[in-house]
Every structure is written in structure tokens, then in C-alpha cells.
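Consider the two complexes below, in which chain A is the common component and chain B and chain C are the respective partners.
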Partner chain A sequence: MHCIAKPIAKSLSGLIITLLFVSFIIFLVMEAVPGDPAEIILGMSAQPDTLAALRSQLGLDRPFIERYLHWLTGLLSGDLGNSYTYSTSVAQLIVERLHVTLPLTGLAVMLSVLISLPLGVTASAKPNGIVDSFASAFSQIGIALPNFWIGLLLIIGIALTTGWFPAGGFPGWDNGFWPSLKALMLPSIALAIPQAAVLTRVTRAAVIEITNEDFVRTARAKGATPNYVLWHHVLPNALIPVVTMLGMQISVLIAGAILVENVFNLPGMGTLAYQALAQRDFIVIQNVVLFFAVVVIFINFLVDALYNILDPRLRIRR
Partner chain B sequence: MIHVNRSILSALAIIGLVTTSGVNAQPRTDLILGMSVEPSGLDPTAAAPVAIAQVVWQNLFEGLVTINKEGEVEPSLAESWSISEDGLTYTFDLRDNVTFQNNKAFTADTAKYTLDKILKSDSINPQKALYTPIKSISAPDPDTLVITLSSPSADLLYWLGFPAAVMIEPSSEQNNATHPIGTGPFLFSNWKKGNQVTLSKYDNYWGEKPKLDKVTFRFISDPQAQAAALSSGGVDAIPQFQAPELTSQFQSDNKFETVIGTTSMEVIAGINNNRKPFNDPRVRQALMMATDRQAIIDATNEGFGTPIGSHFSPSDAGYEDLTNVWPYDPVKAKALLAEAGYPNGFTFTMKMPTLAYAERAAEIMQAYYAMIGVTMKLESSEFPAKWVQDVFKDTNYDMSIVGHAEPMDISIYARHPYYFNYQSTDFDASIAATANTTNEADRLLGYKKSQAILAQDVPALFLYAYPKIGIWKKGLHGMWENLPVPSNDITDAFWSE
Partner chain C sequence: MKRIPISLMIGGVITATLVIAAILSQFWTPVDPSQINIMHRLKAPGVEGLLGTDHFGRDSFSMIMAGAWVSLGVAFSAIALGGLAGTIIGVTAACKRGRFEAITMRIVDVLFAFPPVLSAILLAAILGAGATTTIVAIALFMIPVFTRITRSAALQIWARDYIQAACMAGKTNIQITLEHVIPNISSQIIVQVAIQTGLGILTEAGLSFLGLGIAPPTPSWGRMLADSQTYFSLAPHLVYVPGIAICLAVLGLNLLGDGLRDLTDPKRK
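Then we have the complex of A and B:
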């Protein structure tokens, strides 16, 4: 028990220090960004005294450190503050938006794994074969195409011609599960394709590399069937680089979601971040960026934990 | 063979039944309206973005007076009014039987409260400056409101109809940003942030009841996505469609109605009149003559939009076409530039806000100015945040393009300081004289004179009035063609099929 608690406590304190550092950097950057929220809210006709009244109402006239500490103490008590523009609690805004972004990114990860694993493994079975050529063409194109552009193509090519999926917008889960899932289908495909392209390439390379290892030859020499070797010797080892890549791609996925949500007009975290930045709704941006940072750190944590499951040697070493 | 035919016939009959019953059904009473910007809060008395008024003005909130489709002042919560000889006392006769959507009565006291709040020292009303001529407000009885001015203001009535002066109710005003309460024909139903605002019919409305039961304002920022939403039926109408290049596909589609009107937004290239060489009026006039307004309209808005020669919108009463004062003439432009001492031209920087229409216009203007030997460098500036800081506040710029959306805003050239840094005693006097007029004819005459001074002086390059491209499904009626005030008044909208 003791030997498990120690590394956890160590990584937890590391996590807190990282988040503190991230929060300070975010606050500093927001301070340096030109633009005054009061001016954006009140527009170009506002008088100086009106602007001053709003600034003091929003607390923007207080010194930098005071505002930063106010935010931090608020965070500790679970109060993220109120959005300048929406006048509602930021926590509530984020939770509302997660109803879209979480299923969207989850679906995209699922799709990309479902496409890339079979494709990568099949391609590696016969290098330079038909499937391999297709896989390599797919990953070349998929990596080259930006996801928002794929989104536009899907709208024009599928949504508008067949009508199977909506061209944009989100009905909300309370208006039915299927209509909402349908609204997320095309955007998650747009997000998944570039991810699948990268993962296909990694899977193929990993499988080929492992196949050439001595222990695989030994297994074959012992008379194991090709299928048995693939499932019991090659794949478990090839999964480690694949999972690493998947974890590293999370930040790319979040960045992609911001663009894809805007193209499909989905009320998710991405559109929230985009709007807040344009409106200089600092309090929303700070919290959203910090939230993304927490997600990325958490996923990395999860990937580390997965190594332990995938690679028994790591378990023994600890 | 006969059997087959019979089954086809019966199938056709069923289809026929289904479709005729569809035609005989009651017309729809709901409307989904697309907008490009989501409002930030729903209280037009506390924030400036036009998206707020585009949802709530006239639909949910009403003022003492209103501004109609033609840009004229009409009675609203005030049934009638009289103005004293000296133009300093306005007496309003208020409607009785008006209730707010929380069942509180609207009286002269509420009206006084609303207007006092705009003028308070800690007021955050974005248009406070428009109401500063007001000296005091009194409510002698529940149906009478008296406004006393410190100096005559011919535009005051117009501004009392503006979104920033809608009537609010003291006990609910705290929540107007998230849950607005007004006197209008529609009341707030819900707001799915990032997605849509829904209003529904208010049964106790004092005036003529609206024909629609439910109106949903859906926010779609991407122009391509707007077109897709219209085509797929996700929205019924987009009163201000943002993709001029995709408009023709709807014009040729008989399922839709496309109506091109004008807005109160003048797109101008503001000049820093303090800076050399722009402090010489001849240089500004030469650049105006080197600018082909129609070419800019064609390139930025597919030919939709009206060229303007001064800072006044064709949708406003008193407009005069002054594009012939400095018509496009590159030869004369070059000659005038030489006369001003720049025979070989000069170099300046255009600070472009990150707005599609401004970026496209800047590129066209760059090519036109090159023809008279003037080099225009392009520099991008994030809109609104950085642009407001650099250009508007610090006036650290040579020239910049932006649309001025506020209606009747010609007096900004008499505001000091203002980002044009324009000084003209003639113009200031003309605006002051216009404000002092007490009848409509004199007021419009004053505005005509003011327009002419600007057209001659060119404190900014006047380009065009921004078009209003309205697209909606056939069968929808009562939508506005022009937009004298940024809004989406759907109180008269209805479906005929």
C-alpha cells in the first residue's frame, strides 16, 4: 500500500504545480492581449464614464495580482466566476458545452481507432500489397487535409445531397438521442479522419517492426499459427506506440474540435472558446484553457497507467 | 398488367390524399430565424452589440416610441406627445392597460425609472451620450411623462425609439441579461447558449396580437453553414444573409424569396485627418476620385450595396445622393495630387480590421491607388479587440475600413475627440443648428447641409451602404426589406401556407 501511495502523491503534487504554472501563464497572456472587454461590450459610442462604470462593475479596475488571486481562490471553492458577456456562471457554461464536445471527441477517437487498427494491421501483413497501398494513400491524404475542410466537404457531399445527416446545428439531447447523435456523426468523421491517418501509419510501422523481432520468429518456429502470433505476440506489443500516439493527439483533437464545431455550428467548448476570445471574455477563456490543460494532463496520466497494463515489465519494475 | 396499373393508381391516390391534406393544413405558427452573431446577454440597455437588439427589440422590449420600416418615428408605449414651442419640454401621453410580462403595470413611474437609469452617474448604458440633452424627467400622473431638456435636440424622439431606451421593469431588471422581461408581444422562453433563443407569444399584450406562437433565433456564424441551413430546412429565414456570393443559388430557387434591401450601416475608409499628407483636403479628395465605389461593391458584395458620397444611409429620411461630388476619375485624381505637392504619389498604411468585406475592399483600393502612384501598404488588425484599441482609441493609424452600423450617426464627425481627428467649424455649426431645429422639415434640411459639407471635405472615403440580403421560404410574409435600425422585428410575420 505504502509503495503505491508514494508515487501517486508525488505525481499529484507535480500535477498541482503544473496547473498553478499553467494558470499563471494563461492569466499573464490574457493580460498582454490587446483589447478591453468593457469597450467591446459597450461599443464605439460609449462615453469614458460609462466605460469606467462597467470596468468597476466587472472588477477589471483592480490590480493584476488581486484579480489573479481572486480567480485562484474562486477555483478552490469551485466558483469559476461569471462570464462578462453571458452574465451566467462559467462552470454552467462549460458543463452545458461538454454535452456536445465530450460525445463528439469520444466518437471521433472511437471512429479513428476503428478505422486505423484494422487498416494498419491488414496493411502490415503484406507490405506494398493492395491494402497497404490504399492505407498509405489514405494516411497521406488524411494527414494533408485540414479537418475543417473535410467537414465542409462532408456538408456539401453528404448532408446537402442525401439529407441523411443535418448540415449543422445541434438539437440537444433532451430533443432525442438519435437526432443528436446524427448531428454529431459528420463532425466526428471530419475529426476522426486526420487522427485515423496518423494512427494507421503508426499501427502499420509498429506491427511491421514487432514482426521482425526475435521473439516473434521464435514463436513461429515453435509452430504457432500466424493468427495466434498476431493476437498474442505482435499486437499487445504494437499497442504501446499506438496508445502513446493517441494520447499525444488529444491536444490536436481539441484544437480540431474548435474549428470543426464552428464549421458545423455545434454549441460545444470549441465555439465557446472561439466566441469568448473574439469578445475578450477573459474569465471564460482562462477557465476554458485551464480546463483543456487539465484534460491533456489527465489523458497523459491515463496513458501512463495504460502502459502498466499493456507492458507487464513496467509493473514488475515498480 | 391491369392489376399493376391499379396498384400504381391507388398508390398515387394515397400520395395525392397525403399531399392535399398537407395543403389544407393550418399555416405554420412557428418560425426559425437564422442570425450570424449570438447576442451577449439580452439587455439592450446594458450592452452595445447589435445582435441583442436583433433578438429583443420590438419583439420583447418596446420603447415610448418606435421606428418603423421607413425609418420614421411612430407611437408605441406613448400614444401621443406634444413638444413645447422652444423645443425644451416633451409631454408624453402613455398608454394604459400595458403590463410587463411579469404582470407588473407599466406606468409613468416605470418610464421615469428607465430613463433616469440611463442618465445616472454609474450608468452602463452604451448610448448614454444620445440622451444627455435630457435635464429632468417627471411623472405628474400615471399616464403622463414630462421630459425637460437643457438644449433642444431634434433627434431625441428618434433616440427614444432606439433599442438602448426600451422600457424595463425595476423588480426584474437585474436579470434582463439572462431572462428579459419587457412589454412586447413575445416573451422570453429559453436560451440554449451557443445555439438558440426561443420567444413565445405573450397573451396579455396590449396591442394587436402577433400571428406567430413561437420564434426561434438560431445562431450560425459561418456563411457556408448559413447557406446549408437554409437549403436543408434547418432555418426558415435569414434576414441578414452573410454570403453574397451564394445568394444567386437562392434567387434562382423558387422555394425561396430573396429580398435585397439596405441597412443603416455605412462602409467607409476612415482617415486620420491629423496626419500628413491627409491633413491636406486635396489629398483626401484625390483619393476619393481614385476610388471606384462600384468596383468595390462588385468585388466585396457581388454588386449588392448602394454607393454613397457622404456619411448617410439611403434608408434614412433626408438622404441625398452625393456620389457625383468626387466621381471616379483617376486622371483628375492624379492632377489634384500633383497640385497638392505629390506628383509622384506617397506611401501610407491601411489598417484592415479582420472583417471579410474590409479585407476585400482594401485589396481593390490598393490596386486603384497604385494607378495614381500612391502605395498603400496593408496591415491586418484583429477586430474588434485590437482594432478598437489601435485605431479607435489610440488613433494610431493612417487609414482603416469599417462599417458604421448605428443609424443617423453623421454627428460623429462633430465629436471631439473621435478617431477621424477631423476639425471643421462649418460642420460642427451645421450639426448644432440641426439639433436645435424644432420641426421635421428644418431637421432634414440641416442634415442635407451637413451631408454636403462632408461630401466636399472627405474626412473619410465614403464607399457604400451595406446591403441587407434577406432570404426566406416562400409563404412567409411581413419580413422587413430594409433595416433603418439593426433589428429583426417579426411582430408582423406570418405564414400563408
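Then we have the complex of A and C:
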């Protein structure tokens, strides 16, 4: 246990430093934004003394470092400040929007794994066979497809012609589970296809590589059935690069979610960030960007930690 | 004479077509891509122009050509900027090792947490939407991509025997990096430039789809798609045409990169 704990503790301290650094950079960038938040909230015609009063109420008259530390301590207690335009707290806004974005990205990851694992494994069984040719064509083209365009095609090809799924909008989980799930179906397919393309390629390559390893030959030589070898020796090892790729793709997934939510008019985190930009609601942008960055960093950290558990060889090397 | 991989041929042809169309668009297009002609709006391909017209009656084919210039220009500038910075950081980290390497790699990891759409939203808050925002946002993300690739490639070169020989011959680290490391990893860098330019085009399209890219009336593939959303049923070709253009461009550059890799890397025969 000790040999697992040590590298994790080391990367945990690295994680905290990285998070601090990221938050500082975002805060610094938002400082450079032209315009006065008090003026944005009150409008152009506000009296100078009202503006000054609001500025001191928002803490804008305090020095830079003090405001940064105030934001940080707020973050730790879940207080992200109040939106300029929505008249609710930013934390509440983010939680509300996560009800869309989290299931959307979760479904997309699930779908992409469900497509790519069977396809990649079947393709690797017969290199240059029919399935393999199909899989490689799928991954070449899938990587080149913009997910928002897939979304548009799905709207034209499925939503508008069959009416099985809505072409956009989100009813909300309180108004029924199935209608909400249906509303997320096409967007998550649009997100999943490019992901599945990448993962199919990785799965195929990983399975072929592991199949050529000595321990697989040994397992076969001692008389294990091909199925047993696949499930007990090849797949557990081949999953390591697949999981790594999933972790690396998380930033692509987030970027994709912003675009796809826009296509399907879903009230998620992406639309929130995008609308906040249009409304110059900078406190929302600041916190949403930080949120996404933290998610990317945290998932990569988890993948790293998982790596140490999945692959014992890495522990010795360190 | 090595056999030229088929992916290199297909990718090369597509990329060459793209580059020629982009350059040509600066001198000649069938119709001026910004010319509005309301009488002939939303016409199907073949009826008016090769690829039809949009909601202002502008010629789609000419807009696709002009859009190629924007897409390729933005993507390539971003990759050139980010790739150069990333390569310099990666090669230096591999050369210096130790604390310098640890700290720079940590900073580079931080950049990796900002997908281009996020940095573009941040940058758009300061600079507003436009080419600069798009290029910088993509370039920032390219820095960690290229740093990681060049560092690990350079580390492999540093482990070779001839580097030791060069050390003993009294060459400085900078000389070794310039004379041995960079020439030996250059083919890998070129492969990445092709592939990442493809991804850059994809990202540029996404950013202009969101309205964060280059400002109208300059045509861009992403905004053509954004505009098409209003005219789904009237003119579906407005959805198909720019999407196919993006897909072909990215596919071409990816195939080109794969082909170059097969050609230069003897292990991947």
C-alpha cells in the first residue's frame, strides 16, 4: 500500500499547486477585462455616488491580492458571488446548469465506450479484415467530423423527419425523466461520435499490442481458451491506454459540450458561459472557466492515480 | 525508392487542393463571396452557382473558397506560433532536465487545462471576438501539445550513443540540441504540424460557429454553419456544404500526417 500512497501524495500536492496557479491566472485575466462591473450592473445612466457605493459593496475598491484571496476563500466555502444579470448566486447557476451538462457528457462518454470497445476489439481480431477496414474508416472520418455539424445533421436527419427526439430545448428533470433523457439523446450522440472514433483507434492498437506480449503467449500455451485470454489477460491491460485517452479527451469533451449545447439550445454550462460573455457577466465567466479547468485538471489527476493502481510496473519505475 | 503510402497520396491531394483554393480565393472566385443578391437567395446547388446560394444570395462555392483561406490561415498561424513555442520549451526541458524541466512541465500542464473554446471565451472578454482571439486561443493549447511531443522525442535522442560521443567531443548542450536533437526529431514535428493544423481547422470552425471567430462579412466555414441553422428546411445544402468542406480539410491533413509518419518512421511499416 505504501508504494501506491507515495506517488499519489506527491501528485496531490502538485494538484493543489496547479489549482492555485490556474485560479490566479484566471483572476489575472479577468482583471484585464475592460469595463466596470458596477457600471454593467447599474447601466450607463447610473449616478457616480451609486456606482461608488456598489463598487465598495462588491469589494472592487480593495487591492488586487485581497480580492483574489476573498474569491479563493469564497470558493472553498461554495460562495462564488452573485451573477450581474441573473440575480442569483453563481454557485446556484452552475449547479442548475450541471443538471444538463453532467448527464450530457456522461451519456456521451458511455456511448463512445459502448461503440469503440466492441468495434476496436473486433477489428483487432482480424487486422485488415472487413471489420478492421470499417473501423479504420470510421475512426479516420469520425475524428474529422465537427461535433456541432453532426448535431445539425442529426436534427435534419432524425429529429425533423421522424420526430422521435426533439430538435432542441430541454424540459427539465422535474418535468419527467424520459422527455429529458430524450432531449439529451441526439446531443450526446453528436458528442460521442468523434470520441468513439478516437477511442476505437486506441483500443484496436492497444489490443493488438497486448496480444503480442509474452504473457499472452504463455496463457495460450497453458491451454486457456481465446475468450478467457481476451477477458482476463488482454482487456485489463489494453484498458490502460484507453482510460488515459479518455482522460486526455476530457477537455475536448468540454469544448464539444459548449458547441453542442449551443446547437440544441440546451440550458447547460456551455450556454451559460456563452451567454455570460454576450451579457458581459464577467463573474459568471470567471467561475465557469475555473470550474471547467478544475474538472480537466482533476480528471487528469484521477487518471494518473488510476494508472498507479492499474499498472504495478509504474510504481517500481518511479 | 520507398513506396509512397496511399494515405500520403490521398492526404496530399486533398491538402494541396485546399491550399490552392485558399490562395486562389485571394485573387479569383467565381463570384465575389460578399456580393449580396437577394433575388437569388437560398437557391439549391446547380440552380444558382455550383453549390447554391445562402440567405443573402451569396455564392456558396465562392464563400467556401474564401473560407478556406480563413480556416487554413488561422489554423496554420496558431500552429506555427504554438508549435514553435512548444518545441522550444520541449527541447529545452529535455536538454536541461532537473528542476527546470519539472517546473516548466507543470506550467505546461496548466495550459492543457484550457481547451481553446475556454481560452477563447476568456480572451473574447478582453479583446472581443476576432482572428487574434481565435489564433491566440488555439496557439495556447498547442504549446502543451508540442511541448509534450518534442520533449519525449528529444529525450529518446539524448539517450543515444552518438550524443555521448558528441559530448565527449566537447560540444555544448546547445550545440548538441541544434545539430543532433532538432534534426532528428524534425520529421515527428512535421507530422504533428499536419495533424494539429487539421485539429486547428476543426477548432476554428467551432469558434466561428459560436461567433467568437473572424468578424463578418469575411466568410468562414463555422459561421456559414451557424447561419444555416435558420434555413434547415428551406435550404439544407447550406448545412451540408460547409460541413463537408471542414470534414474533408481535416481528413486530408490527418491522412497527410499519417502518411508522412509511415514514410519517415521505419518502425511503423
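Just so it is clear, the second predicted complex is superposed on the first by the 255 of 318 C-alpha atoms of A that agree within 3 Å, B and C clash if a C-alpha of one lies under 4 Å from a C-alpha of the other, contacts with A are read in each partner's own complex, and residues count from 1 in each chain.
Rule of thumb we're sticking to: a residue touches a chain if its C-beta (ideal position, glycine included) is under 8 Å from a C-beta of that chain, and two chains touch if they have at least 3 such contacts.
Being a predicted model, the structure only gives us computed values, none of them experimental.
Chemist: In the overlaid three-chain picture, which partner chain does A:Gln279 touch, first (chain B) or second (chain C), both, or neither?
Modeler: first
Chemist: In the superposed arrangement, does A:Val242 touch chain B (first), chain C (second), both or neither?
Modeler: It touches nothing on chain B or chain C.
Chemist: Taking the superposition as given, does A:Val33 touch the first partner, chain B, the second, chain C, both, or neither?
Modeler: After superposing on A, A:Val33 lies in contact with both chain B and chain C.
Chemist: Which holds for A:Gly14: it touches chain B only (first), chain C only (second), both, or neither?
Modeler: second
Chemist: Considering only touches as defined above, state whether A:Phe264 meets chain B (first), chain C (second), both or neither.
Modeler: Only chain B; A:Phe264 stays clear of chain C.
Chemist: What part of chain A is shared between its chain B contacts and its chain C contacts?
Modeler: Chain A residues touching both partners: 33-34, 152, 155-156, 160, 262-263, 280.
Chemist: Please give the residue numbers of chain A that touch chain C in the complex, ascending.
Modeler: 14, 17-18, 21-22, 25-26, 29-30, 32-34, 140-141, 143-146, 148-149, 152-153, 155-156, 160, 251-252, 254-255, 258-259, 262-263, 273-274, 277, 280, 282, 285, 289, 292-294, 296-297, 300
Chemist: Could you pull out which chain C residues touch chain A in their complex?
Modeler: Spelled out, the residues of chain C in touch with chain A are 106-107, 109-110, 112-118, 121-126, 198, 202-203, 205-206, 209-210, 225, 228-229, 232-233, 236, 239, 242-243, 246-248, 250-251, 254-255.
Chemist: Inside the complex, what are the residues of chain B that reach chain A?
Modeler: Listed in rising order, the residues of chain B that touch chain A are 38, 40-41, 47-49, 121-130, 177-178, 192-195, 218-222, 224-225, 228-229, 231-232, 234, 382, 384-386, 388-390, 392-393, 406, 409.
Chemist: If you look only at chain A, which of its residues touch chain B in the complex?
Modeler: Spelled out, the residues of chain A in touch with chain B are 33-36, 39-47, 49-50, 53-54, 57, 85-88, 93, 96-97, 152, 155-156, 159-160, 163, 166-170, 172, 262-265, 267-268, 271-272, 275, 278-281.
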